[in-house]
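Two complexes are shown next, each including subunit A; its partner changes from subunit B in the first to subunit C in the second.
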Partner chain A sequence: MKKNKAFLFLLPGLVFLFLFMIIPIVLIIRSTFSDQGQISFNGYMEFFKNKYFIQILINTLKVSLLTTLLCIVISLPVAYYIAKLHGRIKSVLIGLSVFPLLTSAIVRSFSWMIILGKKGLLNELLLNLHLIKEPLNLLYTPTSMIIGLVHLFLPLMIISLVGVMENISDDLVQAAESLGASRFVAFRKIIFPLCVPGLIIGSILVFVGSLTAYTTPALLGGKEQVISVYLYQNAMTLNDWHTASSVATIMVAVTFTIVGLMNLAANKLNSRG
Partner chain B sequence: MSLLSLNDVSVAYGPNTILKDLNLTVEKGELLSLLGPSGCGKTTTLRLIAGFLQAKTGQFLFNAKDYTRLPINKRHFGFVFQNYALFPHLTVFDNIAFGLRLRKMDKKTIEKKIKAILQVVNLTGFEKRFPAELSGGQRQRVAIARALVIEPDLLLFDEPLSNLDANLRVTMREEIRRIQQELGITAIYVSHDQEECFSISDKVAILNHGMIEQIDQPKKIYRYPKSEFVAQFIGFKNFITCSKRANDGNDVVFSTAHGQFRTTPNADVQSETSLKLAIRPDDIELCAPADAKTAGENFLTGQIQLSTFLGKAYQYKVLTPLGVFHVNCGSETEPLAVGTTIHLFFPMDKLVNVD
Partner chain C sequence: MKKLSVIVSAVLVAMLALSGCSSSNKSGKGPTELVVSTWGFDQDFFNKEIYAPFEKENHVKIVVESGNNADRLNKIRQGNSKVDIMYLSDYFAQQAIDEGLFEKIGSSKLTHLKELYPIAQAPLGKSYGPAYTISRLGIVYNTKSVKTPINSWKDLWKPELKGKLTLPNITSTSGPMLVDIASSHSGNTFNEDHAFNNLNELNKKVVKYYNQTSEFVNMFSQGEAAAGPMMEMYFGDIKKAEPAAKFVVPSEGAYAIQNTVNLVKGTKHKALAEKFMNWVISKEAQERSAKAKIDSPTNQTVKLTNAQASGLTYGSDAIQSLKKMDMAFVNKNLKSWTNRWNQEIH
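Moving on, here comes the complex of A and B:
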């Protein structure tokens, strides 16, 4: 088939995206720059003067960043282990690691409530072991929110890393070792740099996912709000669509900035080969 | 005392024993080749020496020290991989510097050493390139430089030339030999190309199913293969199974139902009862029926069944009462037609008794 004809196959998808995604986003963004029919930046000016909002924005970025870092640290060894396996056990382990994505966010969050609550499993255990005297305040804090988010997004990081690690030949590690590197040094100097592409993709997925996640922060986070919950409250509870739209626009802008920065970093660190 | 010795080493992958009670010694400054068909355990032997694999039983001594359980990074051996295994994210310079930096050398020394080694492998000016920006031959030389620059106690090559074209292969093998001799490095070289092994080695070990069939100088193996397997592997295509042997002065005379064959004894053949003779297609001569040089011995008559043009020669498949023989004849003369009756002469000094 000719190349220019093959382009037609893209059409249904493009039309769908254009009608139901591009247009609404453009409409929302446009609405935030107008005040009674006139172009204005007042909405945004007010936002960035608002200490409360800035605090939420910083909170959100902090939570997303921590979630991403935790996912990286946990995923690296797990992904390396899985990537070196073969056959059925590998599929089983990949299946298991994807499992959190397949369960409902609400069910997942409720299970964490049972575990992390004042009278939850974890506190009971620690109390019984006499490791703590008072029950810890875990639920409805940034900690519980991050735990929930890491649980949710770990699979994305693992899968991205397994993807790149599978293609790193064992010979490279052995070559490094024969040149005098210990296992750990070989991992740090050879495997890790070669994982960067997967690391970037995984980080983008996890970071953007955490930034925009709603259910998990809403159920597990306490008074310390994140931006998606704030957006929801403005739109649904306060019925303030103008503010909600501005928040949405800011989220889109932040997301694009982060993705852009990460791509930049990827190009800098990118391995040749 | 040899520099390296493997004593009764066995290696197994799960239930499959790959190496059985292998014994091997290498002297200092020597280049030993491991030659054998695919799957015979050459790579396994090399990986065992490098430490990538653990022996199930047996002992590996190096410089009179027990290396059997020594970790890879403590062995100080250089390994050149079949696929080079260059680090794709590092430049030529950084690839070669990898081992030096781990040895905590200062920048000046590292730069000096790399400059020197790049000169040895003829790659000066390529420091800033990435492996993906090099040709196969250049990558291979980087791999050698990376292994050499740490001045290893032993250099291991796993079919380093198998991905290169025929011409480059010849140039590179001469290069490897030159570098090895120039620096006086002890090396073990794996290949399944017999010409390659014979041309660069001090000693060749022929492997078959994880066991060494014969280990000797190339010219001795070439002339006196010990067993039928070795003979077959290095190009003896013709075998005669005899029924009786008898000593006649310094010679041995073998009898068959269709004539006698005289040859000198093969010192490497162990059994005094071996009844097998081998000869290369190039070494059989055509002769007239009542030629004086045959004296009624080392002589067979047969019909040409098939004629193949090999370039430098015609190869005839000749059916004789003792079976099929392959004979090469110079391509200057007109080829003989299929069906022609010809007489084959087996020169005594080319006919070898094998196990």
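Moving on, here comes the complex of A and C:
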């Protein structure tokens, strides 16, 4: 009986989420299926016939996937290194890797503008080293958008990976090595599969974050729009809440699909869960 | 299960009670509150030179709500806002008027109205607020990286500007003017198809479409962009960031952009708010803003020396030569222009 009452502690949080998150989301989604009081899918049919919309949806997915992949590639060695450390140096390194999350997106984007601009640090450096003759065109391209997003979301991936890697016993690697596996094989066959849960959590956080990010793409991106900027344009400057709600619903659907696919992949990679 | 529902209802009741009482204890005898919704630029200047004298004289307290045009307009669209007076650029003010969000004003109360330039007296119709400042959209370019002088809107199409051009986004205040500029490139009567063909041609030269002035300033200071249409009122910031920048009034004429003051429908302080509007367009207030180089005056009785007027849109010659877009026409077409823009320009 007592155990049954423990869930009451969840109530305040649940009530809050229900009132301020679930209800608004349901209202938004429901409004997109009605056209003058009748149920209709016309809004969505229009969307998927619209080449421009498909284009920005693909752009957004491309940018988010690339960001996620880059985060994985960069985080794996960093997290492995941090997880092996102990004591103060470890907390210092974790603190440093979380640092990007502590500065505002606007400040971060502006610092990238200063680095990547035609008169920016990077171009000045390359020009002075005579590696290039003309300044590179980096800012306001998908490249600068991805750089900004990787910088923003890397901490999430590192933290998730450090979490799982800490729990991988050194004995396993030693056992593998004593049985003749090289370091790399041990990493690939033992460490990596055990990391998959952290990898999946990190990837979901990074992917969903990049899919919905607004400030960074708006400031660092160029002519190619992403979906969140398109949503903002419809909601705030055109006051077309119907279109904006439909875009929001599509974003929710895309997110769930991708998260589902990632879970499926996780089960394949690590069949023991 | 019974207990659960008791707790749920207790939480709900408590929340309702809390939200209910926050607004009910405001009937003290303090000064009347007048809520002004504005951009929030140069807040210190406005507090000291514009709001404070009015507060003192009328025993009111001015409360400022700030934000950009679109955000603030959306707030009053959602209803139950407490805003009495709204500063908006003409383009957004027209949207508010079309949607019935503004109160009609008694123009007889605005004794300074007849001192304004005719263009500023009733930019959106006789029943609505005046323009307290005016600016113009011309071309700003970097004289270091653009060698041949720019002096016409047509120069935007010059091959030299490839990879150096920045244009306003369609959804920004000057976006519709860009459509008009593009149409005029092929003839004097407005033609939407010509406009979009010409914009598409321009698109190849564009680095980025800017949504905010600050983005334009950034692109100039970082050397990303070297030319683009821009409002004169922000030229000071650009000049600071890039000393070689130059503002030109194109030979076809610059476009007028007016900022208006209006009353929000449902204001409980109409008489007071009209008094405030009258103060904002008075010679004294306008002179203060002009001398601080904050806003160009629309009151003709304000006289400035050449030094005081530099950087401002000042004088009857400058103001009478401005092109004015029909905001009602723009608002009617904006949705379809935005769609075409999104579909065709990339």
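Please note the rule applied: the second predicted complex is superposed on the first by the 269 of 273 C-alpha atoms of A that agree within 3 Å, B and C clash if a C-alpha of one lies under 4 Å from a C-alpha of the other, contacts with A are read in each partner's own complex, and residues count from 1 in each chain.
The working rule: a residue touches a chain if its C-beta (ideal position, glycine included) is under 8 Å from a C-beta of that chain, and two chains touch if they have at least 3 such contacts.
The structure displayed is predicted, hence computed values, not measured ones.
Engineer: Using the superposition on subunit A, tell me whether subunit B and subunit C clash or fit.
Structural biologist: fit
Engineer: Of the partners subunit B and subunit C, which touch A:172 in the superposed model: first, second, both, neither?
Structural biologist: A:172 sits against subunit B, while subunit C stays out of touch.
Engineer: May I ask you to decide whether A:52 touches subunit B, subunit C, both, or neither, giving the answer as first, second, both or neither?
Structural biologist: second
Engineer: I'd like to know which partner A:103 touches here: subunit B for first, subunit C for second, both or neither.
Structural biologist: Neither partner.
Engineer: Count the residues of subunit A touched by subunit B and by subunit C, then name the partner with the higher count.
Structural biologist: Comparing touch counts on subunit A for subunit B and subunit C gives C.
Engineer: Is A:119 in contact with subunit B, with subunit C, with both, or with neither (first, second, both, neither)?
Structural biologist: The answer is second: A:119 touches subunit C but not subunit B.
Engineer: Between subunit B and subunit C, whom does A:15 touch in the aligned arrangement: first, second, both, or neither?
Structural biologist: second
Engineer: Put down the vertex angle at subunit A formed with subunit B and subunit C, C-alpha centres only, nearest 10°.
Structural biologist: 150
Engineer: With the two structures laid over each other on chain A, which partner does A:181 touch: subunit B (first), subunit C (second), both, or neither?
Structural biologist: first
Engineer: Considering only the touch criterion stated at the top, classify A:193 as touching first (subunit B), second (subunit C), both, or neither.
Structural biologist: first
Engineer: With both complexes overlaid on chain A, what's the closest CA-to-CA approach of subunit B to subunit C, in Å?
Structural biologist: Between subunit B and subunit C, the minimum C-alpha distance equals 40 Å.
Engineer: Quick check on my understanding: which residues of subunit A belong to both its subunit B contact set and its subunit C contact set?
Structural biologist: The answer is that subunit A has no such residue.
Engineer: Can you check the complex and tell me which residues of subunit C touch subunit A?
Structural biologist: Of all residues in subunit C, those touching subunit A are 4, 7-8, 11-12, 70-71, 74, 77, 95, 163, 171-172, 203, 206-209, 211, 215, 218, 221-224, 334-335, 338, 342-343, 346.
Engineer: Residues of subunit B touching subunit A in their complex?
Structural biologist: Per the touch definition, subunit B meets subunit A at residues 50-52, 71-73, 75-79, 81, 83, 85-89, 98-99, 102-103, 130-133, 146-147, 150.
Engineer: Quick check: in the complex, which residue numbers of subunit A touch subunit B?
Structural biologist: The contact residues of subunit A facing subunit B are 169, 171-172, 174-182, 185, 189-190, 193-194, 271-273.
Engineer: Going by the contact rule at the top, pick out the subunit A residues touching subunit C in the complex.
Structural biologist: Residue list for subunit A touching subunit C: 8, 11-12, 15, 50-52, 55, 110, 113-114, 117-120, 135, 137, 139-140, 218-219, 222-224, 233, 236-240.
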